[in-house]
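Read the structure below first, then the notes.
Note that the chains take the letters A, B, C and D in the order they are written out, and that residue 1 is the start of every chain.
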Amino acid sequence: MNILVWNEYRHEKENPVVSDVYPEGIHGALADFLKKDGHTVTTATLDEEEHGLTEEALDNADVLVWWGHKAHDEVEEDIAERVKQRVLDGMGLVVLHSAHFSKIFKKLMGTGCDLKWREADDKERIWNIDPTHPIAQGISQYFDIEKEEMYGEHFDIPAPDELIFLSWFEGGEVFRSGATFKRGNGKIFYFRPGHETYPTYYHEDVQKVIQNGVRWAQNTNGPKHQYGNAKPLEHISEK
Amino acid sequence: MNILVWNEYRHEKENPVVSDVYPEGIHGALADFLKKDGHTVTTATLDEEEHGLTEEALDNADVLVWWGHKAHDEVEEDIAERVKQRVLDGMGLVVLHSAHFSKIFKKLMGTGCDLKWREADDKERIWNIDPTHPIAQGISQYFDIEKEEMYGEHFDIPAPDELIFLSWFEGGEVFRSGATFKRGNGKIFYFRPGHETYPTYYHEDVQKVIQNGVRWAQNTNGPKHQYGNAKPLEHISEK
Amino acid sequence: MNILVWNEYRHEKENPVVSDVYPEGIHGALADFLKKDGHTVTTATLDEEEHGLTEEALDNADVLVWWGHKAHDEVEEDIAERVKQRVLDGMGLVVLHSAHFSKIFKKLMGTGCDLKWREADDKERIWNIDPTHPIAQGISQYFDIEKEEMYGEHFDIPAPDELIFLSWFEGGEVFRSGATFKRGNGKIFYFRPGHETYPTYYHEDVQKVIQNGVRWAQNTNGPKHQYGNAKPLEHISEK
Amino acid sequence: MNILVWNEYRHEKENPVVSDVYPEGIHGALADFLKKDGHTVTTATLDEEEHGLTEEALDNADVLVWWGHKAHDEVEEDIAERVKQRVLDGMGLVVLHSAHFSKIFKKLMGTGCDLKWREADDKERIWNIDPTHPIAQGISQYFDIEKEEMYGEHFDIPAPDELIFLSWFEGGEVFRSGATFKRGNGKIFYFRPGHETYPTYYHEDVQKVIQNGVRWAQNTNGPKHQYGNAKPLEHISEK
């Protein structure tokens, strides 16, 4: 499978706390464990030409993984539309953490995608509530992340097609942390963890979930649907 | 309840076949049977200033009913955004027939909202598949519309929160004809029938469904959710 | 609306801690605030003849509220089947707390309905995650219950039709605390709180949710669906 | 994967019309094309000891395929319960055609599972309405079955987790023909076609859907959830 990992890649260049955690960028860390899962992985970042999201790059991607945070607005409108269209045409999309506020996720959800947040070293416990879902394969009843940014409900998304993970936060909040959505031919998985100052993407269970999510998001279905004017398949009586 | 009925109101002015069926416009016909249900109903049309969708008009509307077809592109972008925002803030929305392709519905769904169609006097039979839903209250197992435009699957929408009606068409197609969606604080009901050249909005069952849909779409819930930075509700330990 | 409140009514007779909290029984407390909401409320308990669930009592009930805990097995099989059938025929059902393990709820869900639990004075915080749902009307972003029994995921139910409330527990768990299901003509609302040793059913928000839930669960829809052999509605060609 | 195909196997022994179509029994036809898909397939039938559904046979099955019609009541209660329990424990289940009325399906759904039906050589057209679902992989926009028994709405099932196929019938009905459900650790796929007097299970698209359905229904997830009394994971304050 061909995976394209997109990262805003600004925090790492501006904040040594972040670059210490992710010396090759968050995209580097994500690409690393996805390659180990047997995929062909390329990366793209905001400051590349066309944000690295050329028609060719998208055409080659079975699944796109997206991380962004502080520069959502700098993603050009027509490129966000291009990515959205590719998802509707069948490219899978894995949306991570603060990408809940990305143009592409908001366009696909149709809602504000807002939430509560706090940077206060909350402990996060992620509960697995769908024991049948392939994205939860190999994941135990729950797993802990010692320190993370808190995201709390209400999370302003449409009711997900499937709800897989719920987070408990030390400071008293809960969150729908793993959820799937289908839009057109595209399968979308939102997964909450991954604040830039914590080593979350080195966490074994987090990696497992993202690996599972990428596999789930690939749509290999065959014939495409046709739209528009359609001849009758049966005789229509005179009236 | 205050209902705002919006109609493109172009076919009626250009095509005598349509104005013969709806001499007061489609909005007039819709307003008529909604008033009979006890509501305060106002109407607005495309060619009015701001399409009749001023901030004030929207602020006063508990539920907006929308019919459009040939001039979706003439709805100004910022007014479409304004309407979308009002839905997310809690105004109900009933989307009729060809409004599946309206800017507002596409923005709220996040998908292309395309479908198959045919104008060939198909008989349509609408099956009620949710015997518990308030929108199906008073509706029998099915009802027939003698002649209608055909809409066929695949209907490119997200999986609805609730699926209430399925259509059978004489020419061989099926369609998800009554479906609900929630976006933010807004409740949305899509209902298929209503091609402009047929007297569909005089059909007793069609009127009943739209009356039910408008009632269902009103959101009277109280306190609004807050978003953004949030103080902890519990003590967070030092780590 | 006619509401029938059913309570096992054993803890109150055997344990003074419970009877101190609920001197009129849990059913008495529930009936009290439902009457204040304008309904006609009757009660029934396990040790009555036919558990108080005669054909007549059920025929008169628009909605049944159910609380049980330690004596689920003493509900006779044919009476559990009778109640199930009435729900499928259109009586609403509100299932409270430990009734997750009642025969009637397990029959309607088709699953084991198991969960984690702990009696340790956990603080519970119930988050409202559906700002549009009539069952959440008047409920703020969250409300706290100072001390409650903990119920934790995985809660072994089918994916709910709608998920309205999520609980946070002090001891580290989360739970899907408010969920709706439809079965046949019946609407079912499960609501988590209400361990017998705590004054939970005097909590204003808990009362509000149960009042809302009872209203939501009533199905007033009209014509019933027919099943079995059906004559064709259209001509079937010779083949 | 190990697949167990269960068939009532009565029509074939009593009605030469059926045995002419399925000389090796319906189970034989099903097993045949599932073997071609690379699986290890065994079969079991009603008149075998324990209906062929011994503990051992079920323990070895990753997925069970079920066809029954006229003798649902002859499946012993405790064996139906045994099969249900295995599904809840993680065995996949593919339920075909008239097995909508099987004990096992009704127990897992919690509803009556009734529908309309007619044996009148209706043409059936099955529309694919989920272009992303693995069960629809390789299936075009629709496929036709020249002659089939009609099943019509209302189909008395819970709202499916996913709706994949809708049927159009020549005589004027529609039906939710392909639907998924999760119960406990088990994944369930209901697929409508397959009346015993028609060669439906030789239809290439029908075979493809069942092959896809069997693959989808396998649950390979790892650690099982634990239930019952649970120690706190965090400190609970004195109150």
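We take it that a contact is a pair of C-beta atoms (placed from the backbone, for glycine too) under 8 Å apart; a residue touches a chain by one contact, two chains touch by 3 or more.
Computed from a predicted structure; not experimentally measured.
More inter-chain C-beta contacts link the pair A-D than the other of A-D and A-C. Taking the CA centroid of chain A as reference, the farthest chain centroid is that of C.
Between chain A and chain D the centroid-to-centroid distance comes to 33 Å (mean Cα coordinates, whole Å). Mean C-alpha positions place chain A and chain C at a centre distance of 36 Å.
Shared interface positions of chain B, i.e. residues touching 2 or more other chains, are given as 125, 128, 130-131, 141, 152, 154, 159, 161-162, 170, 172-173, 182, 184, 225-226, 233-234.
Within the complex formed with chain B, the chain A residues making contact are 84, 88, 107-112, 114-118, 120-123, 146-147, 150, 152, 154, 156, 158-159, 161, 170-173, 181-184, 225-234, 236-237, 239. Of all the residues in chain B, the ones that touch chain D in their complex are 125, 127-131, 141, 152-155, 159, 162-163, 166-169, 172-174, 176. Considering their complex, residues 90, 125, 128, 130-134, 136-141, 161-162, 170, 182, 184-187, 219-226, 233-234 of chain B touch chain C.
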